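Letters A, B and C mark the chains as written, and numbering starts fresh at 1 in each.
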Amino acid sequence: MSQAANTGIQERPAATASARPSSLSSRALPRWAPLAFAAVAIALGVGTGIAAGWQSRTQWGLVSALLFLVISYIATSVVENRRQAKDRLATSVVWVCFLLAVVPLASLLWTTVSHGAERLDGYFLTHSMAGVLGSEPTGGVYHALIGTLEQVGIATLISAPIGMLTAVYLVEYGKGALAKAVTFFVDVMTGIPSIVAGLFILSIMLMTKTQPSGLMGALALTILMIPVVVRSTEEMLKLVPNELREASLALGVPKWRTILKVVLPTAIGGITTGVMLAIARIAGETAPIMLLVFGSQLINANPFQGAQSSLPFYIWEQYKVGTDQSYDRAWAAALVLIAFVMILNLVARGIARWKAPKTGR
Amino acid sequence: MASTTPIETPPAAPVARQRAGTTSGRVGDKVFLGLSRGSGILLLVIMASIAVFLTYRAALAVSKDEGNFFTTFDWNPAGDPPVFGIAVLLFGTVVSSIIAMAIAVPVAVGIALFISHYAPRKLAAPLAYVVDLLAAVPSIVYGIWGALVLVPYLEGPNLWLDQFFGWTYIFEKTEVGVARSLFTVGILLAIMILPIVTSVSREVFLQVPRMNEEAALALGATRWEVIRLSVLPFGRSGVISASMLGLGRALGETMAVATVLSPSFVISGHLLNAGGGTFAQNIAAKFDEANEYGRDALIASGLVLFVLTLLVNGAARLIIARRKEYSGANA
Amino acid sequence: MAKRIDVSGLSAYYGSHLAIEDISMTVEPRSVTAFIGPSGCGKSTFLRTLNRMHEVTPGGRVEGKVLLDDENLYGANVDPVTVRRTVGMVFQRPNPFPTMSIFDNVAAGLKLNGSYKKSQLPDIVEKSLRGANLWNEVKDRLNKPGSGLSGGQQQRLCIARAIAVEPDVLLMDEPCSALDPISTLAIEDLIGELKERFTIVIVTHNMQQAARVSDRTAFFNLAAVGKPGKLIEIDETERIFSNPSVQATEDYISGRFG
């Protein structure tokens, strides 16, 4: 028995260097200990909170979390040892991080759903804001819905082919300086803030004296969408095994038909997923719409002329009005928007799982 | 001798290779190659024109600016003479993003570790899924939630910070009033970027080779020591690039800041006081009343934001590239 | 200090799948015991139950007793962390910590325990590297990353890392299967030296290797794919390879299956 092995655990029942027979076991806290610590910490936290008269539940929570960390560290270092205490502390910190983050995110979803559901009904979805005052509890989101669908639709029609073709170029043909440059700038483009994309289209509008319209907004969304489509398509194309391409080429099929008939169909599930996730991302963009589409209370189904609205812009507008009724409308629209984005996400992930080619992950 | 020992080789990753057959005069191939290469070139053209157009309009604005564009504490392009500068915006943008990073990155690493190494198996997979979904929640929703729910909840903690950490100067609250401050903006931005930073970090942590973790385990490491010895060193650069991604979002975020912040054109080290501004928020706030010249001025500030995000993303890219070189070392 | 291992009635599961069933055997101290058998017979799984690494695998669980001298590894108050400190392990593929230097790799186990004096550390590292026959090759570059070594050197580095904490038992899971013949030879020589100090258990795919390095050999087999692996017999290596008492062992050794 080496010295190191014995001193590793300090709090053994018989803590002498020659305590061979029981050298493997050590005093340990029961499995339910963390729960008990948590209960004590929360009780103490809430108790202090009430005693000190803190209004904010946030404070109660923060104190409880802190107490939990301290209690579990001290208890473990007393009963077990320093190493176990550190391990326990790390576990506790990770749990606290998780809970700290869950609270606001759950609150966000809960508030949106509970407030939004108050106002969300068939009327809300089928009426515009024409002639509705801020303090009136009527009005709806129909015009914004049309705007979002059209703008996002146009953006998708432009960016999906461009993005997919670029990805095909990078994966199937790409080599040399041009491909490197494109790869690099796709990365750069991914990082463009949406408001900068909006300003770019705005600068063109200023120079060409173009009026705001849904199309302008769609163009800004296109800039945001292309890099996402390129990236996801690229990933999917890379997963298509080379044997498939070679098998097709060996049959004498020209390369472009190989790509169209063999490569793309194999990856189509993943590509669809990528495009849908990209749509979900741009559907929530507010800033470019604010700069380029101007906003409107009325139904305008023509995206090429005149001001339009969109769901995120509508939320912003109603928030700015600042009445209880407009807040209700904002929450309801937020619920519609979240539902739209979530459904797109869920369907996209469903497709990905369903059609997934074998991956290493 | 021991020549029967099988030597395992990792399966080669599929890599697109140049194949013969593209040189033939087939029209279809030429058209298709032309189209796809054209798309790539179009992308470069778009990027170039973003830089050129923004710079051009920005130059128009800055040349007539009577104040110093970088040091003026004012935004009045419609005035006579026009005076505007980005000092306040740069300060606000950087400070709120730093606060966001300081909160979000450690917490995100914690959640990522929770999902990858601590959570009960049955909880981990749905949790990862939910985090990915949360990353898709539009920023305007975070914005109204922040303004209507978070701000009131932060009053208590703000009082505390003032009470116990007021001596640090930055947490001294010298004005009474609701918490529509840069600090609150930072917290909201932290909550917003949490899902994306978590999501990317988690993926990196899950890629830590099993044998690296087993090496630590077999030496008698506790779970935390396994993470410290194997998981964190392996994941470090991944976490950094995830953070950069989050930072890029925080810097350019418009709506969440515009809803929460009560803006003013002052720089104050008292982060709990209302006031200050960020690039994106200022553009959103000043756009409606701006004339054409005012819009050019806003474009000029947007250009600075653009450059800022480019620098951050460039740094992230460099780190990722370094990691690729390094990760082949012991595969 | 080498210890004896007594296994009785040990079964291991992956979820609900029974991987090895009812294994009992004794591993003598200061000797090399080799586990052989066809792929999937559970010899690696069994090895991993000897230092409680099996339960690290998702769904992994163990029934039965493993006595290290007289103490059950699966006893109520036993901390698996301590078990793994006492029973070292070397893996199939060399796995030095990629971000650490050679020195830090060897010292990693000691640093975890915090049970060393800083001044002793270089001595212990040198002793361990000498013990792993690696000292002369790396003494001039102790601060270079361990991942820069060749595969065989990395494996010996891992052995040095395992013996630096002075374990009672050293488990080796096909330690040479990723190595070239010359590195394999070096490791085999090393195993011969290490058995003076440690109880060594080695899983190998390679019967010649088992014959070369081990004192006793255990043969594992499974009735069919999907059935649990079982211990067929364990005996002196010489006997197993010349005159085994079970027909299946002879068939396997003479290459009739597996």
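The working rule: contacts are C-beta pairs under 8 Å (C-beta built on N, C-alpha and C of every residue); 3 or more make two chains touch, one makes a residue touch a chain.
Keep in mind it's a predicted model, so treat the numbers as computed, not measured.
K.L.:
What graph shape do the protein chains here make by touch: line, ring, star, complete or other?
P.N.:
Complete.
K.L.:
If you tally the C-beta contacts, which comes out ahead, A-B or A-C?
P.N.:
Per the contact counts, A-B leads.
K.L.:
If you average the CA atoms of subunit B and of subunit C, how far apart do the two points sit, in angstrom?
P.N.:
46
K.L.:
Measuring from the mean C-alpha position of subunit A to the mean C-alpha position of subunit B, what distance in angstrom results?
P.N.:
12
K.L.:
Centroid of subunit A to centroid of subunit C, CA atoms only: how many Å?
P.N.:
The computed centroid separation for subunit A versus subunit C comes out at 45 Å.
K.L.:
Listing for subunit C: what residues touch at least two other chains?
P.N.:
In subunit C, residues 82-83, 85-86, 112-113, 165 touch at least two other chains, as defined above.
K.L.:
If I count partner chains per residue in subunit B, which residues reach a count of at least 2?
P.N.:
In subunit B, the residues touching two or more other chains are 220, 222, 225.
K.L.:
Using the touch definition from the top, which residues of subunit A touch two or more other chains?
P.N.:
Subunit A, residues with two or more chain partners: 8, 83.
K.L.:
Under the stated contact criterion, what part of subunit C meets subunit A in this complex?
P.N.:
Where subunit C meets subunit A, its residues are 1, 68-71, 73, 75-79, 82-83, 85-86, 110, 112-116, 165-168.
K.L.:
Inside the complex, what are the residues of subunit B that reach subunit C?
P.N.:
Residues in contact with subunit C: 1-8, 121, 209, 211-212, 214-222, 225, 229-230, 233-234, 329-330.
K.L.:
Across the complex, what residues on subunit A touch subunit B?
P.N.:
Touching subunit B from subunit A are residues 8, 54-59, 62, 83-84, 86-87, 89-91, 93-98, 100-101, 104-105, 107-108, 111-112, 161-163, 165-166, 168-175, 178-179, 181-182, 184-197, 199-200, 202-204, 206-207, 223, 226, 230, 237-242, 245-246, 249, 254-257, 259-260, 277, 280-281, 283-287, 290-291, 312, 315-316, 319, 327, 330-331, 334, 337-338, 341-342, 345-346, 349.
K.L.:
Enumerate the contact residues on subunit B facing subunit A in the complex.
P.N.:
14-19, 21-22, 24, 26, 28-29, 31-33, 35-44, 46-47, 49-50, 53-54, 56-57, 106-111, 113-114, 118-119, 129, 132-134, 136-145, 147-150, 153-157, 160, 191, 194-195, 198, 220, 222-225, 227, 245, 248, 251-255, 258-259, 279-280, 283-284, 287, 292, 295-296, 298-299, 302, 305-306, 309-310, 312-314, 317
K.L.:
Give the list of subunit C residues in touch with subunit B in this complex.
P.N.:
51, 53, 56, 58, 81-86, 88-89, 91, 93, 95-100, 108-109, 112-113, 145, 147-148, 154, 158, 161-162, 165, 176-181, 184-185, 188, 205-206, 208-209
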